[in-house]
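Listed next: structures, encoded as structure tokens.
In the two complexes below, chain A is the common chain; its partner is chain B in one and chain C in the other.
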Partner chain A sequence: MMYFLVMIALLLAGVLIVSASDRKLSRQVGILFSSIALAIALVMLVEYLHGGTVTYSEAIPYISSFGIYIQFYANQFSIPLSLLAGIVTLAALIGGNPMREKEKATTALALLFEASAIGLFASGNLFLFFIFWDVGVIAAFFMISYLGSGNNHASSKTYLFYSILASALLLFGILLIYFYMPVRSFSIQAIEAGSALIPPSIQTAVFALLFVAFMIKMPVFPFHSWMQSAYSDASTQGSMLIGGVLSKFGAYGLLLLFLMLPIAKVYAPYVIIIAIISAFYAAFNMLKKDDMKRMVAYASMVESALILAGISAIGIFGEEGAIYGMVAYGLGIALLFLSVGSIEFMFGSKSTKVLRGVVRDAASTAYAFLFGIFAATGVPLTGAFIADLLIFIGTERSFGLVGLIPLFSIVIVGAYLYYAAEISIFDTKKGMDMVRYESGHWNPAYALLVFAIIAIGLVPYFILGFR
Partner chain B sequence: MIYQIVMYGLPLAIAALAIQGFGLARRNGKYTTLLTGIILSAIAVIGGLALYRNYAFYEIGGFGGSPALFRVDPFSALFVSVISAVMVIILLISNEEEEKGIFNMFFSLVAVGALVVVLSDSILTLMLGLELVSASTVLAILNGGKRRVEAAVKLFVVSSIAISIFVFALSLVMPYTNGFTIAPISMGGISDALLSLSAILFVTGLAIDAGIVPFNLWMADVYEGAQGNITALLSGVNKKVAFIAIFYIFFVVLALRVSMFAPLFEVLAIITMFFGNLMAMVQNNVKRMLAYSSISQAGYILLGFAVANIEGLSAAFFQIIAHMFMTVGAFAVVMWLAEKNINEVGEYKGLFQRNMFAGVALTIFMLSMAGVPPLMGFVGKFLLFSSAIGTGMLILAFAGIINSFISIYYYGKVIAAMAEGTDKARLHMRIGLGLAIGLCLVVIVVLGIYPQPLISVVHNSVLSVFN
Partner chain C sequence: MMELFVLVPVLLAFLFCLIFRDKRIRSTGYVSVIASLASLAMVIYMALFLQQGTQSIDWFSVGGYVFSLQVTSAHINMMLLFLVALISPLIMIYSLGFFEDVSEHRRFYAEMNLFAASMMLFSISANFLSMIIAWEGLGITSYLLIGFWYAKSEAARAARESISIIIIGDVAMLAALIILFNAYGTTSFYSISAQPISYPLYAAFLLVVLAVLTKSAQFPFSGWLPKAMEGPTPVSAFLHSSTMVKAGVFLLILFIPVLLKLGLLPVILLLGAITAGIGVLNALSGKHIKRILAYSTLEDLGLMLVAVGLNAVFAAILLFVTQTFYKALLFLDAGSISRANGEEYDITKLRESGGNRLIFITAVIGVLSIAGIFPFSGFLGKVGLEVSANSIYTYIFLVLVEIGTGFYIFRWLFIPMKNSGRMEIKGKLKSTPVSMILPQVLLALFVIGGISVYFFLPSYLGIKSLSLSYLRVIAETIFAIAGTLVAYYIYRRGQTVKVSKGLFVFVHSIDGINWFYLKFAAFIEAISKFLGFLDYFVYMLFYLFGFLSLWVGKRLRNLVNGNVNMYAAWIAIGFALILLALVFRI
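Entry: the complex of A and B
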């Protein structure tokens, strides 16, 4: 079936139409295209849950001298992750950019980013994976540099520097795989089948290159220094898409790497150590922050580390947990960024030292933030609970009790986020006045994200029903 | 019928170009520009026809039993077509010359020289073509008035040195050639010492024109000092013609000892890439930055020559074609901004707001030069790196990939500056310039998204030279 091709073509057409359309209409047009894409993804989900089989879409010749095809896989990874991309983009577009003069650019970039994300999650070969990866990286770059605020130019440059380093390593690794395969191929399926015949030294080199590239993107300690400034200086939509979806590019790539290269098993114990260090590093760094956007950024880094732990566990629990985590944490982080962005817009500050009593004037935003904390910390009935459960069962099976250590980093994250919410949002004794009373279209966007989080929390079948 | 058009039309059109070139002096007005444009377009079309009908090979000249002077084969037809097309674009951007008639005269002569080099079947015609290109360029720079004299003199001095070294090198191997024909010379009587000396002198003579380190020190000064359209010409045509000459000399005339020279190209490629990129990082003047970036691009092209097989050479020629369009487009934008006294990176602030089209175009050209997919520059680099990895030259490929990562630093600096906000007035672009930039953009994007046709055309043309 050509679902993925239709979705991507539709979204790219949307980018062109939005660029050509009137500024006032651009948001509506963008919402239209994004909802059609989400609807297609839902149709696909229903169809595959009914059929129960995982199928591969047919291939169209693209660069035949290298045997490169345009091929998309509809499987247990690509469908949930496309849903994540679709929901977060739609929520970002519904929320809208309060900076009206840049609304057109916001919408066009969001649609371009959604197309690249869906293409990346569904791509059937590493060449397409790389192309979509870079398109997403560049779209996100403009969300920081052109649409962002604060110190956005410096942070966009740091972001670009790290991202292109990741792309360079990724390209080198992909080319090494291609040329050292017994039969040269970019196809992920072919690589999974034949990679055992790649010489171990080359496998190690490829693993090192791709692992660093994906660590940069997730981000994981010690390659995270682009993260906090990029997340906090991007526009609200940019933060939602970068934190919620772009960071999952790296996580998904890492999952593929562990599936593709047999040598990854040898390095798994080192990977879990990196995950533990990264989780606690991020959690303790978070305690120093009073900027709420940076707090959320570090929370997302802790969750990236949990996903990394799940991937390193190898086996059914870790893998399912990682996918579940990508979707559930992605939605939660997007909700947190959206509510913090709205608070910043309405109250003119995002610092816990300044903000007081947000709940008095902006109740829906305050409760959305609280629900975002639930979703991020894995309170039962949210998706993250099931993700944590699967990930820690997986890590305990593979590494014993050591695998449970990262659990305590969530406790730190949860405690500090609740503390922040307590002093600056729910303490109504010392209220502060809003700077702007005009509100965005935030409520429907909150509703969409909250609904999605509860839906996958209540019915894990949506994601686990593929096998 | 078409065979006749190609057979007689091509030399006739080139002769017409030469005659009108010599006859244009002292004439002003639009009509000389129009005439030059029409003849160049006709040559591009005829070259395209020859390529499309895939004429194997035919020779022109060779009167009275002497060896032929020119030949038409798929390779030369391809580059006749591409060079004429690029020159039409450069003609479009040089619409504002003061002494238009005289400029068009020198411009036509540069075109004639370039086409002579591409079509030459004899080392003598090749040499004359190279000399015609550089001498006419010097005169065209002088046409720009007194402040251009420095650049013109610098170019004149280095190109005279280049051509005399070339002649010296030629004199060493002359006795062994078959009447100067561009065909492999037999290695029977020739000693290795003589051959090496001659090869080193050939490289030196041609590397000066091609801007290969360490013979590149003139480039940044001349690029900065010359008029914008001449800079585009230098980077888009003169340099590429020198590469075609390197190809003819080393891979056809000295073909039997290619394995001896390939390591030389490898060293030069690595030095050139690093030098160009590292120097570009510290530049503040965008024109100088592009000059150094053009040096690093010469390094990428040499990387393909160092690989020295069909894959490497066709990758190099793909990259040559890609860089022609990227560099002409980028210099067109930079030239237009220089007319408005905008030269430094800091002054590029807010270009997106001041003229969206120019900002987006320059961004796409720069991303393409940095090798970001899905643009034509990425395809070229992908082909180059994969040809290097495919022959096991991992260090060379890694050097190339690291360099394409370094280059994002300075391109990103310009792009980030353009994305900043500003309150300065909007800028307006004249139609001819916009059309030229638009043409380059279309080529870069279309052949970036669907490169297969050009890849196979270039591959077949390079193959045709060896048959």
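Entry: the complex of A and C
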């Protein structure tokens, strides 16, 4: 079955139908298409866990003279990550746009982004990888510039500057691989098999190019400057999708890079050092933020650094941990962004200096935020716990006690998020009144995300059961 | 597997609390009481009929390594499980009366059931993986419960301060688990205890001790415990008697052989002694009826660590068991007294019994027990410890702590007692419902009956008993009574006394710890400020690029404004420039 092709085609059809449909219907149509895509991903999950098939690919010749196929893999990476994209997009569509402003554009962009994310995670060759990468980048750009608020135009320009740089480096790196492969090919499997024959100097160059490109996207210190304004000025949906899914583009690419290029093992010790610096840099920078969206943005940067640490620990634990981390952290960050976005909508502010006593009038949102903190700090029975466990078993194996250092950045993240929860959400002594009353249409979205977080926390088999 | 069934009733009650939405009737409370009684019945059955043994349940596997949860029915675990299961229904019953506002019941019982479930899982877990689930579960549920009355700023603050300390321990414990797993391929308590000394074992157990210090509120992490008194009284009673803070100590008792091998016992002894000292000294100056008891818990926990540090297993266990009963009892008394006096917590403004004789009698039993007066069970822990003292300095320290305990706990009793005769208290005394009195009476009976643990625990747990000579028992009681008499002499008229400046530093040493936290937080903030400045600088650099591109775009926009004359002019200028260039051959 060509599940991925069907999913992507369906979502792209959804984009067209939403664009053509009535404004009032667009959100419902979007939710419908997104849930069908999620259902297909779930069917795929069940089928592959049940059948125990490892990898299959769906291929259609596209530009045969260059050996380019439209080719998708269903494997231990693509299925969990497609589920992540599906769940976060569905939650974003349900709860992410309380204003009902620019409904058609919002829905169409979310679907387009979901299509690009699923395509990227499942793509079987680097050509498709690059195309879906850029589609995702552009969709996210409009979520910041067209749908965002605040200094959204300047933020989106900064974001675009970084993204174009990343895309250029990515394209250059991909072409280098293509031309220096013994048999020219874009196929990831072929590259994994034959990349040992690429001369080491070229491998180093490719590694450097792609590593910087992926660092920008994750984001990792020192290429993270686009992040805080982009995350905070994007629409709620935009923040959820960028923080939850788009940043995983970079992480997934990096994982592929480490699988593809043998030279990457040589640089792994440097990568863990970058991960350590990035984790603590982000954690310390988080402390002075009073904008809750920026706070969550830096928390997500810490978690990107943890994923980076997992990737740098080559081996089964690091690899599985990184995938687990992408899914679990992605869901947690999406939940945090959604609850902060809802708070901003209801109370007209996202600053901890102004917000007081959210729990009094918006209990479900307050508890969703609290659960997001639990998910971000890796409390057991949320997915992030198993991610932390696997990642740091991997790093401890590869680097000894040094590999455990990034784990302690979670202390700072947790302490500060709990502090924000105390002063803005729970201390109701000086409670503030709502600007807009909204009878919790985001509750289903919270429920979806919380359910998904607990499900992968309780039953790791969903993600680890592929081999 | 049988062991895990104990969790089922409480977890079902938790789900019931989540689903059941009617706030007017007390159904959540009744369901929780029944569930905890069901758990108790199962625990009693298991303690009597279940063979000791360990079961493991596979959770997931990665790369051929299986991660499994292990539970055990070893007798020492059954002992803790029994204590938890015995105290939890009492607390649940007490809470029925304590929370007059029924709308709070649902949230309270939901959190309380989760808390009890975490502690039950902790008591039966036999490897680090299942233990850490319970360990962190305790952390977050205690956060929710301490901050239960979050409408008060102090409660929200206390909850956050506790979780900020506890999260350090959570992460340290996870790191320890990872080190042990990588070194030995297993996290089972028993196989790890059997390992020879090695570098990973040392690193891991340093982290475990760190985690224990945070969870059991030992020096230098003791600051959060007294503040946690902002939580509702039933929570304090549960948290301080059988759950949460005792978890850390229990873990140390389990690992005494390993700690002995690694030579960490003297460190534990020292830290325990410091904590006990801080606890006693601050209890001497406290005025908050619950906070004095919290300092007293610090002292108890410190003494348990001292017992662990002395490698006196049975003494530690005696203290562990007897403390459960008298501390729960005293907290419930404190809750009843302050509730009867209209939520007044200052001992100088309280009347002792709230007009109910049973509260007073049970309080006296608790006080006699904690002071260590024969034949109330609390004396077992004290005398066991003094018998185990390895040097004259330890012994003197323990005797001083003993006298101090007698002093502060009778001060706690005398001041409100004398107030009753002396001053009129504003407002009417509230009567105390049966649901609050009953657990107190039962606990008082346990305190008296607890003396029996000395006789059957050694054979049940299979450890060496302590021989207590009459001389020791008499000496210990004399010390306790000495403290009492001093307290009686000073507070016989119920007034408070002023302490001299030299002593003031010591009796408020907890503030010193808090000052240290603030300085540490300021240090972290300074780093953050510096890095934040750096980050902002780089960020602004690129952000200006964004603004610059907008500005340039706005200016350049005028070039393509559709004005054909303008286009023509530009074309002409271009041509002219090209011509000029050609003519002058530049």
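Here, the second predicted complex is superposed on the first by the 463 of 467 C-alpha atoms of A that agree within 3 Å, B and C clash if a C-alpha of one lies under 4 Å from a C-alpha of the other, contacts with A are read in each partner's own complex, and residues count from 1 in each chain.
Definition applied: a residue touches a chain if its C-beta (ideal position, glycine included) is under 8 Å from a C-beta of that chain, and two chains touch if they have at least 3 such contacts.
Keep in mind that what you see is a predicted model, and the values were worked out from it rather than measured.
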Which superposed partner A:Leu404 touches (first chain B, second chain C, both, neither): second
First (chain B), second (chain C), both or neither touched by A:Val354: neither
Partner chain in contact with A:Tyr281 - chain B first, chain C second, else both or neither: second
Larger contact residue set on chain A - chain B or chain C: C
Chain B versus chain C as contact partner of A:Leu197, first or second or both or neither: neither
Which of chain B and chain C A:His153 touches, first, second, both or neither: both
First (chain B), second (chain C), both or neither touched by A:Leu49: neither
Partner chain in contact with A:Phe161 - chain B first, chain C second, else both or neither: both
Which of chain B and chain C A:Ile393 touches, first, second, both or neither: second
Touching both chain B and chain C, residues of chain A: 153, 156-157, 161
In the complex with chain C, residue positions of chain A that touch it: 153-158, 161-162, 222, 225-226, 228-229, 281, 284-288, 315-317, 320, 359, 374, 377-381, 385-386, 388-390, 392-393, 396-397, 401, 404, 407-408, 410-412, 414-415, 418-419, 421-423, 426-429, 460-461, 464
Contact footprint of chain A on chain C as seen in their complex: 59-63, 67, 132-133, 136-137, 139-140, 143, 147, 150-153, 156-157, 159-160, 163-164, 167-168, 170-171, 174-175, 177-179, 181-182, 203, 524-525, 527-529, 531-532, 535, 538-539, 541-543, 545-547, 549-550
List of chain A residues in touch with chain B within their complex: 61-66, 130-131, 134-135, 138, 141-142, 145-146, 153, 156-157, 160-161, 164-165, 167-169, 171-172, 175-176, 178-179
Touch list for chain B against partner chain A, complex: 352, 367, 370, 372-374, 378, 382, 385-386, 389-390, 394, 397-398, 401-402, 404-405, 408-409, 412-413, 415-417, 419-420, 450-452, 455-456, 459
